[in-house]
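Take a look at this one; I'll ask things after.
Each chain carries a letter (A, B, C and D) given by its place in the written order, and its residues are counted from 1.
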Amino acid sequence: MPNNKTLAFYAGSGCGGCSQSLMLSPSLATMLDGADIAFWATRSGDLTEDEISQVDDKGIDVLMFAGPVDGEASVATAKLLRRKAKRVVAYGACAHLGGLCGLTNVIPGAKLRELAEKNGGFIRPLSAVIDVDYVLPGCPPPQGMVERMLKELFLSDDVPDVGTVFASSKGVCGECDRKHLNSPLEEIRRFHAAPPDPDICLLDQGYICLGPVTRGGCGAVCPEANRPCTGCAGPVAGVLDQGGAILQSLASLVPLSGDVSGEKEHRVLDSIQDIVGTAYKYSAASSLLKRRVNDGE
Amino acid sequence: MSDNKSFEPKIIAFLCKWTTYAAADLCGVSRMPYPSNISIIKVNCTGEVTADMILTAFEKGADGILIGGCRPGHCRYEGGNLKGANRVYLLKRALKEFGVNPERIREVGIAGAQGLIFQRAAEKFTADIRALGPSPVMSNA
Amino acid sequence: MSRIGVFVCRCGTNIADTVDTGFVAKTLRGYPGVVHAEDYDYMCSEIGQQKIRDAIKEHNLDGVVVASCTPSMHQETFRNAAEEAGLNRYRLEVANIREQVSWVHDDREVATEKAIRIARAAVEKVRGDDDLEPIAVDHESTCLVVGGGITGIQAAIDVANSGHKVILVEKDPSIGGHMAQLSVTFPTLDCAQCILTPRMVEASRHPNIELLTYSEVVKVAGYTGNYEVTIRKNPTYVDADKCNLCDKCTEVCPVSVKEEFNEGLSERKAIYLPFEQAIPSSYVLDEDACLGVKPIRCGLCEEVCDVGAIDYDMAPEVITKKVGTIIIATGYDLYDPSHLTEYGGGKYPDVVTSLQFERMVHPSGPMKGQLRRPSDGRPVKSVAFVHCAGSRDPGRHNPYCSRICCTYTAKQALLFKKGVPDGVANVFYIDIRTDGKGYEEFAQGIISSRRIRYIRGKVAKVVDEGDHLTVWGADTLSGKRMEIDVDLVVLAMAMVPSEGTAELAKTFHINVDENGFLKEAHPKLRPVETTTAGVFIAGTAQGPKDIPDSVAQGSAAASKAIAILAAEQLSHSPEVATVNEELCSGCGICTSACPYDAIKVERSGVAVVNEILCSGCGICAAACPAGAIEVKNERHEQVEDMIAAALGSAK
Amino acid sequence: MASNLICLLPHLDRVELVNGDELVASVSVPQARDAFSSYMRGRLAEDAPLYVQRIDAHCAVSQHLAAVRALDACYNARPPKGAIAIRRALAYAGVYYHHLEQLFFSRPSGNGGIAGLVRTDDELAAHDVLQALRRARDVVDILGGRGLTPERGIPGGVSVGIADEQLSLARDIASDLLRVALRSEEGFRARGARWVEKQDLSVPAYSLATVNDDGEASLYDGTLRIVDPKGVEVAAGDASEILPMMMKWKEDVPLRVGPLARLNATSGASTQRARELQKHLFDALGASPIHRVAAGNWAMIIELVEAAELLSSALAELAAGDSALNASLDEAGEGVAAIEGARGTLIHRYLLDADGIVQEAQIVSPDSLMEADVNAALSSLITGRGREVTDDTIERIVSLIGSYQPAYLPSAPFSLRIVGRDKDGRVSQEWRRP
């Protein structure tokens, strides 16, 4: 059926992966057939504030917003765009969670932080500055999820419920074919040594995999490629803080040694390196703590 | 650092209903006062306390979090307190990365009969959090 | 929108002195979802309860908060009242504003403000509470007793007498345990066999008791009321029903090994009768000692057996039994004397353990009651008894007191003096602990008779000089060094958990304490219960103790077990973990967190809680990476809202 | 500057056109000093390939492989043949994907890209190209383990081999990709070549590219070679030798990287068809080295054919079920590697601690290598226009920047700002790329 909606794509900043993921969708042509395109900005420079202002308020049926919000100017643009659109999709990990950019919120004492602070902008997920109606997770969003979004938003008579996330509410594990042995976590392993057994659950083998805390819908592509899930689709529906969730689960997998001092368990937990880069790779900016603070440390 | 004299810390205490919660009750029964800064949330076991609970408490304005359960080796649920302690141990490492002083979380193991120990722990923790000053987390929105 | 009623108790002046209860009620009235709030003098009074009942009906309440004393005091009272008014009892929560507010804070303004926050947090909980119903469970009415010593026998008989079936499992070929080895028992000095044997017979003949000797429990599955236990019966190679105890087999058996019952002081054949009063009364072929039953390499016993009781084709038999409760009474072992190198434990033949000494003085023991040195058979004229051998020595051996050694050493010294009136008995002690009924009188009688020399001090060293032993020690009262030559040294060995206790605890999903003894649920209030419902412990498996205490615990455990077995159905708290199938991806992390094996990932790919096994501790919920597991009426959102309310923050 | 990740990479930010009274022109390629290093410090080494490809998704494959190869060097690891074969094929697929996307979807013409394109009645149906792009992405997916952003590269090898059926699927796709590449080249030659011939701006520059043992262009590994504007070799060596030199050069020596440089600094493409197609280019514009700026587009489309050919032969050689895919790793240390990224030579350097945690990280991007070259070109353009700023000047600047296409505009998600300043240095005028 033809799509009579007015739509727009806006990537304020970011790496360009999101616009490619949309462009490559097999349903793209169908979606565009009959649609009005208000604008298609793959970088902020494609579009000025004036140009956006010329669009009627609520004149866009669906606006797809990609890239992080990272300063006063981008907050203002996001708010302006919100006025113009009936429905806003946070498209991709940056808009959804802050994405890899969010790690800059946590880097201590770096030049980056000073620069960001001067600019009045930490990385924020889109939902922190405007109401977001739908979320398309992923870095970049996997094809299956893009397809689902296009179908539900543009090619279906029913409008998805506000709050719909075009991914599974369950974790990646639900889609992973690896054999799960329920092994205790006694040693953290990395790609220093030989790569993991491709048939057995990565956590079972001691590799930190964010599959359990991360929304599925991707088909477990990374574990399929014999690499752990790094969490790009954000936390599953039941938790608020993705990093906290994986950390509590990892700690739970470490068997109690019987020694109440916990020394042996701590040795295992201490061997987890780069906690933030591992547990909050994409979600630091949308974590409950949001960014690094100065607590007299 | 802020003016600590006028600063009244907000402290959430997750207390195991079998032990430290009972110790807090005993403080009451024995009329042993402790700072009113501490608000108690009863839990079945400190092993029930999730990362979301701790981080939510910070996000909602807690300056300190006291986690009180059984003494090590005495958990009713076969080491639930130790499992909880391992989770907090790891979470504290993340807090540190976010610049939050991990001293804002303290774990204690206090038996139900140890009212005095709870009183002292409550006093000490409140004083320590007062010295640390307000948590910067909430103003982070 | 919720319809919640809030009742603020003044508790006379207990709360009202410090908390402005009227203001609390008034403030709560303006809180979202609260449709009724009042304060009253004593909410727990009949009038107070009636107020709750009336308000539930009048305002059609779907939740109630009572801000009063600690929930452990009156939560059940209030819940009963609510239930009478037709409200599900689990929709009532208590806000603790007495013990945790009015009694610990004195500033009225501060306390009132805090009481408001605490009450609001309780409102947040109630807002999320669901109707719950206790879980009813059918159950088995058989009791498994593990261990056939005096404790297990007592427990088995008590349960059997209540009309329930009992399966009594013993790993040795006979029941009786260590008590069967003892000479006489303190403080009455009656013969151990004489009081034990009737109990052994009663247990073996009781119509409700099924005796499984030479057997071990290898697996336990299930939960209270419904356990399935797997038991391995080891082959005795002798048909007990056919064996007529003619003893011909032992005469021809060519293999001799140390006899366990006599603590290695004598020898037995590979085919043997455990002891004269053994039950079941049958010979046993010790497969490890035998020259070979598979293939048969000797066959002499079978040849001489007139009744054809010997059956080399017997094989281990694995059976499963369904039981409702379990009592574990697996007893103790002596600490290995070879750890006491300074005393020559396990090395010098004339340094014996207290149990060996029991056998030596036993009239039907290996020496027929005539004390002789194991090394050269000379009569024993002088003995050094050493207290606390391996006990009360935290650095090197066991930190605890083995409780019975002081008294039995007094008894043993007395037995020695009776048997050898001109003999010299020296007792080295740290201090004398005789805490049982009549024990102090018994021991002091022996000590004050001055026929036995009590020396306060530890033995430093024992040296085997060939024809005698030299005991080096010190008398700490006089400060003198001691060097005594004796014929025999008796070590009052520490009691330790019987071999395999740690594995056994794992099998039964219970804990051991820091010394390896089975751990009770509460050291004072729940001494025979464990943290696993329906599994009880008794006797020296739980810690060192004497016969009367062991028997008392056996009976105590039996009564606990009977309470479950006799119940029509078991009732279980509905506040258990629940899995949101929409969120669970089946990662299985919860399964390793559960202390009770109560959660499993099913074929469907989601975790499933066995509500009957679940204790509602919530440890799985905090392990779950997906937030898919919650404890009923303690859901994540409820707790997060409670936190916000307790902090005075907006949601 | 925002804390957007793109600022971690040196990238084209703006063109300074006027400085007070004096009309000058210069591009600026700023990088927050040590920003990338700060971002990566403390991260797991094996995660580096995952970060970099998401900083720069248009060149995700090149970034991934450059990081992976630099990590090989950090661990002194020599990946086994099987792993190199997979990585090579991935590199070719990445270059193909990039070039196709750049040439058809990210040109600074039309109304911003895709929306206009789909409605274009080009003789090469948009649908076909889009389909080819999707299929190229599928090959990246098969070889890299994830579409757009590969996962397979790890220090010392690859995380896992490729299943049989996947491999044969990739082979089928590859032959189709070659077909589309050849048609594209034909189409370009018919229309685009004339355009290139008209764009007469020519700026002599040094050229940098990677050559194989036969001196031909190599898109995965080999020796870095620099030739002077006359085509005479001035330096050759591996990345660790060339890098310090680059850092000294890039401010003032006009250096060119990318498809045109790969033509100039080598004996030519390593595949037969591409070599034949290169002859057309030489026929039109003279022999190598070619300094006509606009020729970059032409070189790029020939490289599209080359990448397709290389991909086909690499896939043909790939043995499914090869289990020796990982080398043992030495103690972690410092490592530098260069790869011929789609946009030009891309150099990564990492310093790891003994635990394999990143201590220092550096990316030398084609943008930064070419800074001096672009400035020379701009300067030449402005001088030729009598220093008068008209709309036409701006158009020409945009077009010029566009001719550095492989390395410039489309891949930077920032807009190109053209800035005029008054005497006091304040911005008096600002143009944005349309």
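Of note:
FYI, a residue touches a chain if its C-beta (ideal position, glycine included) is under 8 Å from a C-beta of that chain, and two chains touch if they have at least 3 such contacts.
Here the structure is a predicted model, which is why all the values come from computation and not from measurement.
Compared on C-beta pairs in contact, A-D and B-C come out with A-D as the pair having more. Spacing of chain A relative to chain D, judged by their CA centroids, is 27 angstrom. With centres defined as mean CA coordinates, chain C is found 33 Å away from chain B.
Each chain gets a centre from the mean of its Cα atoms; for chain A and chain C, those two points are 51 Å apart. Mean C-alpha position of chain C lies 72 Å from that of chain D. Counting partner chains per residue, chain B has residues 50, 52, 56, 73, 79, 83, 87 touching two or more of them. Shown for chain A are the residues that touch two or more other chains, namely 239-240, 245, 248, 252. Among the residues of chain C, those touching two or more other chains are numbered 593, 619, 622-623, 627, 636, 640. Applying the touch criterion to all chain pairs gives A-B, A-C, A-D, B-C. Across the complex, chain C meets chain B through its residues 70-72, 96, 98-107, 110-111, 114, 117-118, 121, 511, 514, 521, 531, 593, 595, 615-619, 621-623, 627, 631, 634, 636, 639-640, 642-644, 646-649. For chain A in complex with chain B, the touching residues are 106, 108, 239-241, 243-245, 247-248, 250-252, 254, 256, 260-262, 265-266, 269, 272, 275-276, 279-280, 287-297. Of all residues in chain D, only 1-6, 32-35, 38-39, 41-44, 46-47, 50-51, 54-58, 60, 101, 105, 111-115, 118, 127, 130, 133-134, 137, 144-149, 151-152, 154-155, 157, 159-160, 325-326, 329, 355-357, 411-417, 432-433 touch chain A in the complex they form. Interface residues of chain B facing chain C in the complex, by the touch rule stated above, are 10, 12, 22, 24-29, 31-34, 36, 39-45, 47-50, 52-53, 56-57, 60-62, 73, 76-80, 83-84, 87. Chain contact summary for the complex, chain C toward chain A: residues 580, 582-589, 591-593, 601, 605, 619, 622-628, 636, 640.
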